[in-house]
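Some structures are shown below for you to check.
Two complexes come next, and they have one chain in common, chain A, joined by chain B in the first and chain C in the second.
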Partner chain A sequence: MNGTELLLDPTGLDGSADESFLAPRPVSLRGLTLGLLDNTKPNATQLLNEIAALLQEKHGVATAKLYTKDYFGTPVKDELLRQVVDEVDIVVTAVGDCGSCSAATVADGILLERAGIPTVSIVSDSFNMSGRAMASVQGFPGFDFHAVPHPVASLDGEQIRERAEQALPQILRILGVES
Partner chain B sequence: MNQAIHEPAVDTALQQFRDMMAADGYLLSWYTVDDTSVTVKIDATADACADCLVPKPVMEAIMNQALAKTPYRLNDVILPASEH
Partner chain C sequence: MTNIMNDPDTIGLRVDAEAIRETMEYYDAQSWTDGLPVVPVTESYLQKFLAETTRDPAAVLFSMPHLNRELTVRLAAINAALAGCRPEYFPVVIAAWEAIAKEPLPVRGIWQSTTGTAPLTVVNGPIRGEIELNGAGNVFGSGFRANATIGRAIRLALINVFGLRPHLLDQATQGTPAKYTACIAENEEQSPWPPLHTEYGFDASESVVTSFVIRSVMHIEARHTSVPEQLALDFVDTIRRTGALIHQFTSALLVLSPEHAQVFAGAGWSKDDLRTYIYGQVVRSRQELAAVGKDAVSRSTNWRVPGDHPDAIADNAGEPDDPDTVRLLRYPTSIQIVVAGANNAGVSAVAEVIVLNPPNEFPMSYSKIGDQE
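The block that comes next holds the complex of A and B.
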């Protein structure tokens, strides 16, 4: 071992940190490819899959692709970010139900928006403050994300489905399409 | 000299953040450094989620914003020993 180590910036800041604009919004979701960015927190996959099913069934999303971060507490790594940007049209990312992961989930949304992908970041309402603060740290204080009721991790399948249904109008609003 | 004083405005300003930290198993306390600044201290409970701690720059952003409504400004945030 050569004594060096890789330090990850928990804020995900880079040279584009002063850009506070959203990616262009689609006219509709029909035929689009949806990216699901899973931060590995309990029930994140289930929540994202329920949201994907609703968007496919009710709003014409063509396909959904699941991507999994290797660590929930820091923003998505560049390699995965580039892959997502190359392969999908819109993204939903979840779930920020702790301090670090809510901040990282919002940072992921901002990184994707700056890369041109309309994105909905989902946190739990207990950590709304952390997400909002990360948006400010990222230079995008008005970044719009959605807070679902806390907790998420302890919910069963039916409750997750209800969370997804409740979240759908806000997801559509953030993506810029009519519900 | 550091002082543990009763300052309702600071308690009120930091209450929401205290609740958020508690959800991850952390305790928030604070003390005044002088007449215009406070230091915030975060301690881990036995149930604390080590990977869940809010990044320090985000913590500072939250507390600076919260304290803006009080006569005090943030001096420093002291994290649990393992996070230094």
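The block that comes next holds the complex of A and C.
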């Protein structure tokens, strides 16, 4: 074979973006039902409960419902996703503090946004790049999620409460609500 | 060009080296490599790979739905060519992907994990000789094109097609050197036992690829003994190390040198005899596990944790009549055995596998080369 030929792209990515829209934002959280999507990683339940308590006390969230994934490493299964979408108005999901679960937590957020539910995905900041890369492969490179300081798994109850308080302004910002 | 390279009297080859270097730099700039130079792939070269199979280029070999990505035959071929495979290696690469697709963990994101595992491809049958795949000395490398490039073909596709790039979707804390490439042939000719693929019911004349997800490959040095129990205990000691324990159980692939295999076979041990013996010996006392904080498992993740951890529940690995003796292998089949390496010393290896079983008592991550899906 003589002459020049085009080098082939080995990724298979055709460059076309998926739909990358956010769900409509609520004006306020007053009276809303908050879904907490727990990925089973250590301290995820505690962190989500602290965030729920703050949103209920200070921002008028009416009720919080806890949902638990059966495996942290891949995104939420369709059945649970549909249940969450049917039952709540907004979601916070945590905690992406490992290689696969950081990406899965971001993917969960994108799935919920595309289903019309404003969602805050929480990862630990050691895994910010993993979350960002997942947003790209999901066709939503600009997806906004929140990175809390690593670690989370080894914190005690008081430290988890502090993480929740520190995260609150970013959670409100991503939900489109004035703090 | 081809004629020049095939002419044994040719002692030199003149090329446009600057153009070659520019091509290498282009691939690097695109992040389409594992850090090493790759072979340029164009449509005409790709067609030579696709001609080695009857598969539809658009057929999907493996997908990771959570990454929204899938590997077609065409993409597997591009990455095999990129890795330096010859076209005739491509059927092995296809079978390797089919084997990977049958494993429990790759589809669940294991190659994004901090644990940092690598795919290990084991090849049996006549294809080994046809493509000069090494199963003898230096079986773990380097120096053999088929081994080096088939293993690399898998990794390059994981990087390029699935986007599993270090620091991004691949969050391995340290990884393993096996991530560059890991492909071995069984040394069937110098094994005293039937080859691995015959355990799945294949005929020895068929060519089969088995895939494992491995962490460490640890070497066993034992040149002093012809007593099978003594030798087996060296393997046992390595397999039951507490540092390997993530979950309740562990599992391993023994890569026995012909000399070590002969110690067992010469004493009348079959492969099943060996794995049954090892299964019985790979235990730890509850106290030894408590000393490293791994005496219970987490109710939510099934990872080993200290008994006083808030998520802790008892593992069910204790013996019913001796609850303080904790089995670290689920089944005898948690030990798989191949023979590879030179027949020149009492030197073998244990490849730690994550996870052979559960869920299946018998491993099922294999695929016959050339089979239609």
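Structural remarks
Simple rule for what comes next: the second predicted complex is superposed on the first by the 162 of 179 C-alpha atoms of A that agree within 3 Å, B and C clash if a C-alpha of one lies under 4 Å from a C-alpha of the other, contacts with A are read in each partner's own complex, and residues count from 1 in each chain.
Everything below uses one rule, namely that a contact is a pair of C-beta atoms (placed from the backbone, for glycine too) under 8 Å apart; a residue touches a chain by one contact, two chains touch by 3 or more.
From a predicted model like this one, the values you see are computed outputs, not experimental measurements.
In the superposition on chain A, contact of A:98 is made with both chain B and chain C. In the superposition on chain A, contact of A:27 is made with neither chain B nor chain C. In the superposition on chain A, contact of A:139 is made with chain C only, not with chain B.
By the document's definition of touching, of the two partners only chain B reaches A:150; chain C does not. In the superposition on chain A, contact is made by A:130 with both chain B and chain C. By the touch criterion defined above, A:42 lies against chain C but remains apart from chain B after alignment on the C-alpha atoms of chain A.
Between chain B and chain C, C contacts the larger number of chain A residues.
When the two complexes are overlaid on their common chain A, residue A:75 makes contact with chain C while staying clear of chain B.
In the three-chain superposition model, chain A touches both chain B and chain C at residues 10-11, 71-73, 98-100, 103, 127, 129-130, 133-134, 136-137. Residues 10-11, 71-73, 98-101, 103, 126-127, 129-130, 133-134, 136-137, 150 of chain A are the ones touching chain B in the complex. Touching chain A in their complex are the following residues of chain C: 23, 26-27, 32, 40-46, 65-72, 75, 78-79, 82, 107-110, 112-115, 156-157, 160-161, 163, 165, 167-172, 298, 300-301, 311. Listing the residues of chain A that touch chain C in their complex gives 1, 5-12, 18, 40-42, 71-75, 98-100, 102-104, 107, 127, 129-130, 132-134, 136-139.
Partner chain A is touched in their complex by these residues of chain B: 16-17, 19-21, 23-24, 49, 51-59, 61-62, 65.
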